[in-house]
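Two complexes come next, and they have one chain in common, chain A, joined by chain B in the first and chain C in the second.
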Partner chain A sequence: MKKLFNSAERMVDDMIDGYVAAYPQVRRGAQDARVVVRARQVKDPARKVVLLIGNGSGHEPIAMGFVGAGLLDANVVGDVFAAPSADLILDGIREVAGPAGVLLLISQHSGDMINGRAAVMLAEEEGLKVRALPMYDDISSAPRDRLHDRRGAPGTMFVYKILGAAAEQGMDLDALVALGEAVRARTTTLAAAASPGISPLTGKPMFCLPDDEIYLGMGVHGEPGIGRVKVGPAGDLVERMVAALLADRPIARGAKAAVIVNGMGGTTLMELLTVYRETRAALTRRGIDAVAPMIGSYVTTQEMAGFSISLLEPDKRMLDLWCAPSDSPFFPRIEDHTA
Partner chain B sequence: MTANGSFLKKPICGVAVDQGSGLEKALREARGPAAAPDDLFRFKRLVVEALSGQATTLLVDAAHGRELLPHFAPGCEKMLAFEADVYRISNEDRITVLPDNLSVSDYPGLGVRVLKFFLYFGPRDPAEINERKFALVADIGRQCSAAGVTFLFEPIVYDRAVPDGASFDFAALKPQLVTEATRIFADSRFEIDVLKVEVPVNLNFVEGFGEPAMSREDAEAAFRRAADAAGDIPIVYLSAGVTFEQFEGALGLARTAGVDMAGFMCGRAIWSDAIAVYGAEGPEAAEAWMRGPGRERLARLTAVVS
Partner chain C sequence: MKKLFNSAERMVDDMIDGYVAAYPQVRRGAQDARVVVRARQVKDPARKVVLLIGNGSGHEPIAMGFVGAGLLDANVVGDVFAAPSADLILDGIREVAGPAGVLLLISQHSGDMINGRAAVMLAEEEGLKVRALPMYDDISSAPRDRLHDRRGAPGTMFVYKILGAAAEQGMDLDALVALGEAVRARTTTLAAAASPGISPLTGKPMFCLPDDEIYLGMGVHGEPGIGRVKVGPAGDLVERMVAALLADRPIARGAKAAVIVNGMGGTTLMELLTVYRETRAALTRRGIDAVAPMIGSYVTTQEMAGFSISLLEPDKRMLDLWCAPSDSPFFPRIEDHTA
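So, the complex of A and B:
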């Protein structure tokens, strides 16, 4: 497999070099070159709670692609598929911390949680006002009665965006945590992987799957999920996935569901739009309005083929914040045509 | 703490092939112009396929492990490292880099019941550094218990005042460091099921093995003190890059000392000579070496602890 890098040692830093050179919304942090921070001014820095997240690289554009106005204030970039260290996250917190406090978002994976919690503890010891919000939404990773054991999946983008918009409007730290928990409680995700990505570290496929099978419930790194199904029409697969999502967290007839159809890196927009068509149809058959979709490859694992469907049953405020304007290099404009 | 009867049944005769960038570099240098991008994976697979049938457990790394798991022989307990790369340490505090592509809760779904976590530990480091390390290990222990995964923890000792780990000065300090690290991590708050510990002496400075700076009796006493520090936690010895003959001698010394060890986890001491064979003669020759001298070495170590 051919990969276009200069060297294994430099691949992450080279990527960040290119990123900050290309986009005026972001710059490198002064504390550490692995911290990407928002470059444009905040209207009222004294009132603005800052949002940041740390994650391993190899999943771009998330999360550094979402640094910007109305979204994240910083992203701490770890090595490929490696959780950033607590010290590095602490550097990120120091870089952006202000009087209104810091909210560290953590997509729930063991390493990210361990280091994130440690970073919060260290920051508190320095007198910084910091809270952590674990994010989890993957219904295949644990049953609903063990909700807190679920892992973070592309539905976490609802949390990024809604909290980012609310923070931009001046919401305080406690209210942001409460809002984040409410969004998390209303979000579910299920993924379907069609073929593996190639690890830039090993040069090898990250899992094996026969050509005629799809793996339901696989995590963004190839973590185990529900099991294999035979490839068939997209509509059949999506119907099964939507049914599973709604079985896990029902949405009443007449309610709205905001939808994310996320490509894993190697699935075409042509396919993703087809998946959205089928998702919308599956929801419509149940009397649910699909609204404000986000469709594209945002949480990727190299060239892994597949997609995930995330549903959020939003209240009015959540939907407004989800659709609020933002300005980051890779977060798309979201519109609610039903509004 | 998590019960895993079949794994904890003595003796544990384990093979480790969780090395990352260091092994990759050694293979690249050994192969020279014939080096291929997948040499590291091929070498690891050779180890798994040739030795897992004879080992009670085999340890693989997080980066290659998932693809290696199907190659295990039936009956060999799968052990997966919870580290991004064992040779990449995040900062001067020497805290292991954690993977973000693997969660403790994923282990059962992967068919893996044993998690290994490695951490450099300096008993004489500042308290604030060690408190962070304690919190990290306790966190992983909690997650292992919650997921029903056996937790094998490997502290590797160092001392900032004596940075040369091969020196006589460090050899003089090592028994104390290993004993202290073992005592600390045997505490129930870490929820550790098995401690993978270093041999507490440097055989290069022990009478009968190398320069006779330490008598054999003193060495045996050092083994006993370090093992006693583990309390009820089973210990397995790691080979930590020594030669096969040294590791075999170290296990023999532990046995003579009367240490109640659970077994061993051996990596390079078994298969490091196969790197040169792989480089000079290719994968087929390395596989033949692994099935010949490699298996013979594993059998000899097994005999020492059985």
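So, the complex of A and C:
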């Protein structure tokens, strides 16, 4: 294995070391070195609800890269591909908890849900005001009539950013939960995997695919999706994916769709820009206006090749918050050039 | 080949289509669709020297991704891995030329130099005020006594950004060239390649390397470097590379070094952050203060795995310009947290 690490034992801590040394927006937690905390001052700490998430590492820049003003107050960093323990998440909650309350975001995967819910219970026992918001958006992981069984996928970034901006502006805990549920209800994601990443734990490819096939709907750890399709022109694949997204949750002619084209790690920006071109064209054919895109490799699975398309039909407030400035090391500036 | 394109003929134009549709900072050239031009207004167009570069595509986000305020005024986009023709570069120069003059940056590779120099001659014949600045920084491509034979490598980003910020502030053409030469003289880069990218032209890996070896000093198209080393702890490899960089151009104890850790495309952010940790540690051991890092995959060769380390020993003005705000789709915000 040619991964550039010092040792399996140190890989996560070395990464965090490099990260907090590089960026003034973040520091390590005082209670637990596996918690990455926002370092810059909050304007009105008594009023600001704090947002955090725990997740397995190996998917960077998410979520460590999104700690900062207008985004996350903390990220609890688990081992590679492993949900952090309830105790570790509790350390994260303690680190940032304030009088306005804590919102724990959870990308829906079983380990994350179990440990996240347990951490919330433990925090409540300590008298902290905490709520949890499960996030799910992957249309291939369960049908619409079992919406609550869906997995978290890159469309969760809509929730991170919109709630992060709203919390920064002083929105209270109940309103944030309601806004997060509304964003979740308007978000859909579908992924297409082309080739596997190499697990840094085993040194082995995480799945196998024939040379001429792409797997539709695979999850970020290689979880099963809809099935295989033959490699062909990017436009045909994207048309099929956009059709599936809009069949799951229609968007009316004349409406806007905010778009995330996320690369899984090993897919070039050339390709992602091509996918955005085709996504925008597929939406335009249906009278839908593609706005405020986020294009790049933000939710990765090592050097896995592939991408996902996420759509959010935003209301005016959601779009404003999606485009609000933020200050983290890796979340890009989003602009609505139709505005 | 599993690249996500429509066809070999359309891949570059489709990419540019997606790019200009996504980002309000850029538009296509009026004279030539292969020129990407800054779309937002310049404060004082009569006074601002314009900066541009031509380069082969397939290395994105460089250089298309860096068009915008405080950076490049235009990028002339060649075919994949091929320098744009002199005529195409001339179109780019015409597109942005103004009374304060044009500075054509050229990353030193033979095709780029020949076509760039020819374009400058053609532009001068049309009465335009143009100068060219060759950029080179790769210490493995030629010894120090043949400095002018070195290749351009990711350390050229120091030149882009510092000159881009200086031009935005109104620096004149002669002063920009002198500043660019000074930055170039203080910049060194060394790369380590781990595994090849797949050429979108041939569908084949661009070179071969045994499973347990890393190639030191390979160029961005797979050009030969210093030689092979065995894979081992990242810290050992980085120490060796930093020692080579400082042997080539020493930095005194007590001085600062701005650092770029660039990923070649297929290397994870986990690894790049680990490389930054080790680079900073290697500098610290020598009493040198690592500042204002840029970490990520900015100069890529498709999904090639590997990274480079670039060091710039900045004076106060260079560091200020390196950290000045800019507004392009893909150049990150750089901060000097020691300031």
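In this text, the second predicted complex is superposed on the first by the 338 of 339 C-alpha atoms of A that agree within 3 Å, B and C clash if a C-alpha of one lies under 4 Å from a C-alpha of the other, contacts with A are read in each partner's own complex, and residues count from 1 in each chain.
By our rule, a contact is a pair of C-beta atoms (placed from the backbone, for glycine too) under 8 Å apart; a residue touches a chain by one contact, two chains touch by 3 or more.
These figures come from a predicted structure and were not determined experimentally.
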| item | value |
| --- | --- |
| Contacts of A:270 with chain B and chain C, given as first, second, both or neither | second |
| Residue contacts on chain A - larger count, chain B or chain C | C |
| Contacts of A:207 with chain B and chain C, given as first, second, both or neither | first |
| Contacts on chain A seen with chain B and repeated with chain C across the two complexes | 1 |
| Contacting residues of chain B [partner chain A, same complex] | 21, 37-38, 40-41, 63-64, 66-67, 70, 82, 84-85, 88, 90-91, 93, 95, 97-106, 109-110, 132, 135-136, 139-140, 143, 146 |
| Complex interface listing, chain A residues touching chain B | 1, 8, 55-56, 78-79, 81-83, 85-88, 108-115, 117-118, 121-122, 141-142, 149, 151, 199, 201-208, 219, 221-225 |
| In the complex, chain C residues that touch chain A | 1-7, 11, 14-19, 21-24, 57-58, 60-61, 65, 194-195, 200, 211-212, 214, 231, 233-235, 237, 265-278, 280, 290, 293, 295-297, 300, 302-303, 305, 307, 329-330, 332, 335, 337 |
